[in-house]
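Structures are listed in the sections that come next.
In what follows, chain A forms one complex with chain B and a second complex with chain C.
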Partner chain A sequence: MRKYILSLCCIFCLSVFALAQHDGHNHDGHKHAKETQATDHQNHNHEGHDHSGHNHGSHEGHDHGSHAGHNHGTHSDGEGHATNACGHSGHHEFNPGETAFHHISDQNIYSIGPFSFPLPCFLYAPGHGWDVFSSGRFHADAHGNGEKAYNQYILCEGVARRVLDASFPTGEVDLGHHAVYTKQLPIEKGKTKEYAFVCYNGKEWQADTKSTADAGMFGGGITSFYDFSITKNVLSMIFVFLFLAWVFMSMAKSYKVRRGMAPKGITNFIEPIFIFIQDEAVKPFLGHKWQKYLPFLQSIFFFILGLNLFGQIPFFGGSNVTGNLSFTAVLALLAFLVTTFSGNKHYWEHTLWMPGVPAIVKILVLTPVEIMGLFIKPLTLMLRLFANITAGHIVIAIFVGLIFIFGQSGANPGAAYGTAIGSTILTLFMMSIELLVAFIQAFVFTILTASYIGAAVEEAH
Partner chain B sequence: MNYILLADFSVIRPDFGLFFWTFVIFILFWLLMAKFAFKPIADALLERQSDIQDSLDEAKKAREDMANLKAENQELLRQAQEERVAILKEAKEAKEAIIAEAKNTAKTEASKIVASAKEQINNQKMAAVTDMKNQAGKMAIDIAEKMLKSELAGEAASEGFVQKLISEAKLN
Partner chain C sequence: MTGNIAAIGAALAVIGAALGIGNIGGKAMEAIARQPEAVNDIRSNMILMAALIEGAALIAIILAFFVN
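And then the complex of A and B:
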């Protein structure tokens, strides 16, 4: 019974919180400096709200220049219009897709609710060298847009970017409110890409995003700078690392201290999970070599599980580490390396020159497929975890976004109140599913890695 | 759906910084945990597993030993009882044998004694007969002597004398 009352209270709190956010947007919507402008003059909307209560900007694109007369930083009435000196309006409509993507992205600030905590930035621009400073220098507003630039770096949507034009002043530059925004620019036949801009001295300066290793496949690529900062995700990893290290060290110690006695305390909670992974994922695939690979597989499992769960703590920033391809790529790469370097003669023989199969079949089909398989296996590991966690987070963000869609960003409070209750229930449901997914995906990653290593170390029979 | 495609889906882009830090932190986690947590924990679990198995085995063995001991005791008891019965039986037989033997011995002894007594009686009798014969002979000689003397002294007297001797002889 108590559980039901507790969940009802949670629903109520979430609803109230959502509505409070909603009202906030209604009355000071011009705070949102982010702007998107499509070349076809289509309106674009953006408004943020996530299950952790972190609120974000919303925006609407307008015909460039249509609000040119508005003063930059002017706080207007409840209509939520604000236009900066470069003619970008802060008027907003809600865009659930962008909001969701923004909320799951990695950032150079750690924001919890309306508070944002600065993080250390380690930025490297070829030709300019390293810049090491705190992201507090950006003076981020509630939406992660910096009101100051530092050494040609600006903060847009919580992410550090670098102004392209070398004539932009170095050192600390005061930009004022709503000077940083994004716009969609065309790249090739009908496609557009989001770019960050900063309005300074009445001029619009384009900014680069950090370099990414996707070679332009996902809209990234090598740009003018690299970001090796301790981002929100890195900080979350450090938290989880420290927490897990503390848990497991004290657990290991308790086995020494309480030798020959029954386990006690946190050991009782972790031990069944540890043994489950050991007996269900490691031993069945690795046979008598299980002890050699146990630390690696347990590390994978608990690190993923810890981060999955850490990202689901409500009102704690909701960092999305396991739903970031960079993270899953590292784990998949390590799984690939461990598998490859563990491969014995039997494994390579079966991969490269399968015995008992006609040579022509081997050359044309089997060997190419097996060699592709070597790389596809870790790639699927990488994508499965990434897609599962990201999808869960996006669904939650969209459920919360329903409030703003039905409430028409404040124009229809009644509908917003009604939807808040419904979407809170949906969100709670989704969160419980995500809790399940957190365990399942950590387990799946571990058991598949174990099976790949198991295939590599299997003896001929 | 257009806006979703246009939105900045940054999480799918492998980011050098996050890649680097994830690599460093995970490797650190892996190495530290392997050395200070997972290996000791796995060893401790194995040790405890074997401890528990040993204890169970020992308990089982002890129980089996107890059962064996009990069975042995019962077997011993049964044997002892059998032995007792056998001993009693033997003793009875021995008793009977001894009694029978004693009886036999007694019989033979008795018959020997009887035989020797008879022999003695016989001997005595023979001795007495011999003695009587001797005395009768002597007496006859005496009588004959005395008759001869009395014949010489009167007939009457001698007759009376003979009569007297005879009566005396009878008294003997």
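And then the complex of A and C:
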């Protein structure tokens, strides 16, 4: 059991580090590979754009379902349609795709129902230094847009961003209502990317998103600052980590105290799952070495399962940790490292120089394919978990979004109420599917990791 | 209505994966009907195989997004 806690800690620490580098995915509907260059291209493009291209989630008085990052219900209509000093209107056409992406992304505030709680921000900008403050300084409104700027940082849709222009005042700056907004800007032919803007002193200032470790592959890249904050996802991981540590330590204690007696309490719930994973996923693949890898595999399983289930609690932050590419990347990296370092001579021989095959076939086909396979295995682990959880969350967000599509963003309340009934049923159905997926994906991740490790430790026969 | 060819590629990958997973599910049902006592082994192998196929489809979908 101590081993279990240890590997859980390892996973946790690594994941925290990964998430600190995370972007929460680009919020634009399109993904592109060349956005880093595009950022430079935008820098000298501060004023006088065509405003028609932008649209992010509706600012109508609506209340999202389980995945709502914040409560949209507290807005008065007059305020919602205000036009700010830069001529940017608060009223937008509802875009379900963007709203869904916005609601599954990581944020610097934690919302439980209508209340949002500030989280600590650890921001680093090269040449500017560290900024450590609470995200409460941003005075986030109901949409997660900050009404104040702090040391050139602003909060847009719950995510901290940095104003690019160095002449923007430092310290606390009062921005007022609806000063922060996003716009779609064209980056290359036929493609647009969403950028955050802030309206201050009648001027429009462009803001940068945080740096990501993906080298621009998923639309991020190195920008003017790094975000090492305890975000919503990191906090959720801390919750789940503490909960699991508590559950398993109390279970370990109860096994000692109640030796020879029937299990009691939460042990009754956890033990069958633990034994199921041990018997179905670990033992069949790992042979007589199963005990060595059991703590790692069980940690992975329960951590993924805990986060999957935690992310499904409605109105409780709506954190989407397992549907986050950097989190799953860390898990896949761990699986890759364990597999690689437990590989025996037999495994490497079969990977690099397959015996009994003509040399030309080995050089041209087998070895390249096997080496690619080494990396494709963790890659699919990463993508599978991410895609399954994200897809489920997006479908729920879209079902809720149907209400606003048919209700024409409040213009047609009758249709909105009608759709709300149907969409509630669909959402409930989808949530029960997701409950199943939470278990299946945690199981699949574990069984595949076990099979990869099993292939690496298999003895020659 | 706008879109691009990458979306069609992603959809084709999904068709392939759907056929594959459907086949696995159907065959697993047949196997369970034939040997109900082996249901546990069949179930976990079914999930494993479905996950592997899903992985291939996901790579295609992600590649479709990349070239987009």
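Everything below uses one rule, namely that the second predicted complex is superposed on the first by the 382 of 461 C-alpha atoms of A that agree within 3 Å, B and C clash if a C-alpha of one lies under 4 Å from a C-alpha of the other, contacts with A are read in each partner's own complex, and residues count from 1 in each chain.
Heads up, the rule we're going with is that a contact is a pair of C-beta atoms (placed from the backbone, for glycine too) under 8 Å apart; a residue touches a chain by one contact, two chains touch by 3 or more.
Please read all numbers here as calculations on a predicted model, not as lab measurements.
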For A:329, decide between first (touching chain B), second (touching chain C), both and neither. first
Looking at A:234, would you say it contacts chain B, chain C, both, or neither? Reply first, second, both or neither. first
Could you look at A:451 and tell me whether it touches chain B, chain C, both or neither (first, second, both, neither)? second
May I ask you to decide whether A:194 touches chain B, chain C, both, or neither, giving the answer as first, second, both or neither? first
Once the shared chain is lined up, is A:440 touching chain B (first), chain C (second), both, or neither of them? second
Touching A:182 in the superposition: chain B (first), chain C (second), both, neither? first
Any idea which chain B residues touch chain A in the complex? 1-4, 6-23, 25-30, 32-34, 36-42, 44-45, 48, 51
Given the complex, residues on chain A that touch chain B span 36, 38, 42, 44-45, 95, 97-98, 101-102, 104-106, 122, 157, 159, 182, 184, 192, 194, 209-214, 218-220, 226-231, 233-234, 237-238, 241, 244-245, 248-249, 251-252, 255-256, 259-260, 271, 274-275, 278, 291, 294-296, 298-299, 302-303, 320, 323-327, 329-331, 334, 386, 390
Chain C-touching residues of chain A, taken from the complex the two chains share: 30-33, 217, 280-281, 284, 376, 379-381, 383-384, 387, 440, 443-444, 447-448, 451
Residue positions on chain C within touch of chain A in the complex are 40, 44, 47-48, 51-52, 54-56, 58-59, 61-62, 65-66, 68
